[in-house]
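Two complexes, one shared chain (subunit A), two partners (subunit B, subunit C).
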Partner chain A sequence: MTGADPSQIFREEAAELLAALETALLHLEQRPADREPLDTAFRALHTIKGSGSMFGFEAAASFTHHLESAFDRMRKGELAATPAMIGIALAAKDHIRVLIDDPAGADAAAGAGILARLAEQSDGAAMSASLRQDLDDADGRASWRVRFRLAPDALERGTNPLLLLDELRELGDAGVVALTGDIPPLEELEPTLCHVAWEVILTTTHPRSTIEDVFIFVIDETELTIEPVPVPVPEREAEQGPVMTADLPAPAPVPREPAAPKAEAGPEKAKAQPAANSIRVPAERLDDLMDQVGELVIAHARLKQLVSDSVDLQIKSVTEEIERLSNGLRDITMGIRMVPVESLFGRFRRLVRDLSQELGKDVALTMSGEETELDKTMIERLNDPLVHIIRNSLDHGLEPAADRVAAGKPPQGRIHLSARHAGTRVLMTIRDDGRGLDRDRIRAKAEEQELIPPGAKLSDAELFQLIFHPGFSTARALTSVSGRGIGMDVVKRTIDGLRGTIEVSSTPGGGTEITLGLPLTLAIIDGLLVRVGQGRYVIPLFAVEECVELPPDVERRHAGRNFLNIRGALVPFLRLRDSFGVRHPPDLYQKIVIISSGDRRVGLVVDQVLGDHQTVIKSMSKLHADVASFSGATILGDGSVALILDIAQIVAAGQVQDQRREAS
Partner chain B sequence: MAKTVLAVDDSASMRQMVKLTLSTAGYQVVEAADGREALAKAKGTAFDMVLTDLNMPNMDGLTLIRELRTLSTYRGVPIVFLTTESDAGKKAEAKTAGATAWIVKPFQQDQLLNLVRKIIGT
Partner chain C sequence: MAVTDTRSFEALTLGLGGEIFAIDANSVHEILDVVPQTEVPGAPPLVGRLINVRGKVVPLADLRIRFGMDCTPPTIDTRIVVVEILLDDEPTVVGLLADKVHEVTSIAGASIEDTPDIGMRWNPDLIKGIGKRGDDFIVIPDIVRIFTTH
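Entry: the complex of A and B
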């Protein structure tokens, strides 16, 4: 991470902390007596404050300080976590975010307003007084952690450390801690040498240079660090020091056992331990790593193909070993990118809270399966679609309390988010217990927009898919929340782009359930490799239901209509060779791959099914972006390119055929 | 009990200035005109601090510092030397010899007073 900007790292860290803070606050709102969210909130604030001032976000740090003080008092039971207080804290959280992201653009008046409300809420006179004072002179005062260790022979040279400490004390409020960890056992103790180091937390109006001046005569021989700490010093920092000088009997106590000093060596050592367990890496690096692993998988596929003709057992065994390693590497790399969906779901607590207030509806948001892991890029891209879906549920789906009671439902609406693994896919469900989709209105609207012919027979699933059509909105009146007719088509497009599927089910009066089926990762999929003419294509394996042989007499029997009887059900099929304009003569025995999307099935006629293929997805160039049938491409073992079929598009094309049949 | 300072300088006016400044502030000051005289006086009295010039006849300041540090009674007694801005090498030499601190000539009276307070307190 050479040249990484520490303030950027702080920004990233702060964004996560603020998200954690928000989650904790919303928990706290529901269960004000709960200790855990309170501690989480306090820790988040504490870290933001501490790191903030370290990286030059003074405004954010000093603002956060007030909030932290309030939470500290809540922890001590001096203050109650009232809904009003949580409201202020949430506003403050947003303000901190602005202070960090764009300090220049921050609205100082808004910040002061929040602090004033905070002071009002926390009503303790002492708190308000300190707040006011701090608002006045926050800029002048700074706290420093001064740590110094004199040269061992400093005493012999006439330096008196007590005078240095006195001098520091004269500069402002100082808390002194003697670090006695390096005092040797008595047998080895050289009494004329200086074995003690000191840590002073100094809050002063003097600049750093003044502190340095204290050490002017010893600065060359002294280990001296002066680092800023948040204003004013949190008591906890000082408490963590091993022994206060005041408690030290003179002379400094000599530990009886040689091992003892190690144990109480400086507080920073104990703190450093847990941090070592994780490292922060920019997401692009993971993308780069994934790219490289993708290339490795491709290179391995080529190697495997070359070796398949070889009789050299040694080369074969090495190839197998490389296969195992590259698969392992692929799994680990994908694992690194996995993030629990909690980080995504958590954001919606706030959304639901704010929206329900705005709309005047009482809504409870519940979740399950938050620990389900999904690729980080995927999580990021799912945010907007989910926001749309949840907004729609809140705005259109859930009825006002009075209507709910009239319908015999509890007045409080429910929205449930869940995620779970299903094979190599993750199913994400958004369920509400509202009024459900209005079939008649959707139909009327669709007919009005000429999306469907009047009186067309549609299954529920088909009908519900219409809501994803661009410009489709059944809302009678626009609200500020939704109903502009944009949104659901964007949802559909985004999910398609992620190679995902959307299913909608709804019962009138019982609610709506939208299920998103998503691949675990965007980079590699399991595919079925097929051949049509001389070209090879990849069909995503998750969509494949079965492979059957195309009966040679099908043409004759169905008079040119492309339908196949699969165990009693008529399934439309497409001849890919016709779709792709392949001139190469067809194989004698044609195969059909049955794929499904939603509850629709379509058969694809191919020349040969080559087998499963570990597919590293390469996106197509901008030039080919409007080619609807393909969602990407992959490189095969022999270096040639295979196109990846876009299941949603192909199934839709099959349906068109289906409708023609029904129309005829 | 008032703290005693041994002021060593071959310039009488400098000694006078030091004495005036420090005695007004409550310190007791004993003068010496060179290193040899200073060493003799130091052996007789336990001073709380020695303030010495470096360039002096008979015994210079550096030798004085080294001699004082060999005396068990003067291990740990602050020794401040007077130096000029350009004397970076001298400063390092004096520190190696065992000096505690320095004051750059020319200096104001309150600068001297601050220094002494810093080194031995009031």
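Entry: the complex of A and C
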């Protein structure tokens, strides 16, 4: 992070704070009496204001200040968190974002409008003392006696009292007196500690809170008293004060010399620590780290293979040690990239709130499993598809209140987001209790667009998959929200790109449920290594249902039906050696790996099942972009390359075979 | 029409199907002995195999296929020349199979001639020009075109 643009860091930090603020506001709207979201919102505003002015985002800081004051009053119980107030606060939050992202492009009138509404809402006298002061620019000069004593180790931690004093002096006329009473005799003096306190008589038009803001970053460690001085103190009085003023050159009370930190500094150090417990790292560095770990896993696999022939016990034990370390490193690295899906789900509260108002539908958004963790890159890439799905649910799925009541449902619609682990996958479900998908309309539309032959027999799952076809929309009228038939195919493409799966289920009148199955990470998957002829291939383990032997009677009727009876269900199978054009003679006992995608199952005939394999996914070059059967490649323990089967493509190929059978 | 590059350049010369080919030495990453290769079912024959180059999965191209030469089995002299080329503005690493790698040499711009339109066994679009070195002719292939046209 060295050399990074500090205002960029502030922007990133502010984006997170604004997101936290929004979440808190929406919580508050639901539970106005709750103390915690109120505190969260206040803290977020306070920090935005503080760091904003520090990094030169003055407009944002002063705008935020008014909002912060209102929230402070709410915290004190002087104001109620009414829905109207929350509405204003959300609008204000959006305005703060503009002020930070693009200060020049901000609409000053809009900002003033929000402030006016804010003033109207909070209407009381106290809050707006400062606001009115700002609006009327009244000359309310007051004098304050500001006395502060920094923590003894403040200098070691980089606090410069001179800057604080300068900042106070900028607020108005200030007389500074150093309180030197606590300076110990020379022989006991610890030169790295701060023994001096200051008293400042400040005459200013700024409110008390502005003075407090000067100390915003040191407030926890500083003894600070601010009291009004009834009669404006003549400036001379301050100058009559003893000893020294900050005007003198180099008044630094203690020289800054490196010295061993004192043991006494312990408690304060501990207090300051929580902030240092997390660090920001650019995502690319994590990607690089993941690449390196991937290489290490491969190198270890090679080492293990070489050592397996050795009789040297020492080398074997070192190899095992390396295995333990590299597995640990892999888990930690993958863990670093994991973030709870809450950060993703949280964004949709606002979306649902705004959309439901726009569409005039009363909708409650509930969630579960927010703590489920997923790769950061994945979270980012899931945002758009989920927005599309939720919009569709709100617009098409949920009926207007009157229709709902007529159908015997509560007037308020429900959308439920959930996430949970299922083996090495995360299942993310978006469920609404709306009218459900209209099978007849989907079928009619698909026939009209010639996606399916008229009267084709399709299972529900197959029929529902049609909604992901590009340009497919059954919405009769376009709304601003959805209906243009773009969106669901974007969903499909994005999820495919993440090696994910989509399942749709729907009950007429009961609602729709869309389940996304996602790998935990994009970089490493568990795979089943199989051999076909002399080539080795990886089948993603999440898709594998079971492995069975190819029954000899099926084998004999090679030319005939390619179907297998798996516990009463007819499963089509593909001979991979035919698909891959293998000339090598087949093994005597061939195996079938049953894989599934959605509710479709396909058997893959292979020569040998070699076992499971930690698969570091390598993308294939552009030159192989049109090879459909494989989603990537990996490097095996002996250094050779193996291809990873693309499950969706293979299953689709199996279906084609299935349809041919039905046609014949 | 083949494009003539009139500048001199440092070239790596290699034997391919009895001819001598020259490729820009600056694009060469490394030269490898023959390594295990993985067939990609369904891929174009030109890039029908993959190899592992220091942990990266790299397509292996057999230029002899594009020039209609016999694909003889590898010999003790066979090498893989790993080059980086720009495909659609994206740097792509490709391994080129060579019957034999000769040397790095400077090919003078003046000695490079336009590809003759007639008397050529090969598609002239795939060749930038013919250079001369002593009594030998050296074929300067257009590597990018070889991969982008089919």
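Just so it is clear, the second predicted complex is superposed on the first by the 515 of 664 C-alpha atoms of A that agree within 3 Å, B and C clash if a C-alpha of one lies under 4 Å from a C-alpha of the other, contacts with A are read in each partner's own complex, and residues count from 1 in each chain.
Keep in mind that, in the parts below, contacts are C-beta pairs under 8 Å (C-beta built on N, C-alpha and C of every residue); 3 or more make two chains touch, one makes a residue touch a chain.
All of these numbers come straight from a predicted model, not from anything done at the bench.
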* To do: Could you let me know whether more residues of subunit A are touched by subunit B or by subunit C?
  => C
* Please indicate which partner A:S640 is in contact with in the superposed arrangement: first for subunit B, second for subunit C, both, or neither. => second
* Asked: So, does A:D166 touch the first partner subunit B, the second partner subunit C, both, or neither?
  -> first
* Mind working out whether A:I183 is in touch with subunit B, subunit C, both or neither, as first, second, both or neither? => neither
* Asked: In the superposed arrangement, which partner chain does A:K618 touch: subunit B (first), subunit C (second), both, or neither?
  -> second
* Would you sort A:S629 into first (subunit B), second (subunit C), both or neither based on which partner it touches? => second
* Of the partners subunit B and subunit C, which touch A:R157 in the superposed model: first, second, both, neither? -> first
* Asked: Any idea which subunit A residues touch subunit C in the complex?
  -> 295, 298-299, 535-536, 579-582, 618-624, 627-630, 633-635, 638-643
* So in the complex, which bits of subunit B are touching subunit A? -> 49, 69, 75-79, 95, 98-102, 118-121
* Asked: Where on subunit C is subunit A touching in the complex?
  -> 35-44, 47, 50-52, 55-59, 61, 87-88, 90, 92-94, 147
* Enumerate the contact residues on subunit A facing subunit B in the complex. => 155-160, 163, 166-167, 192, 216-217, 220
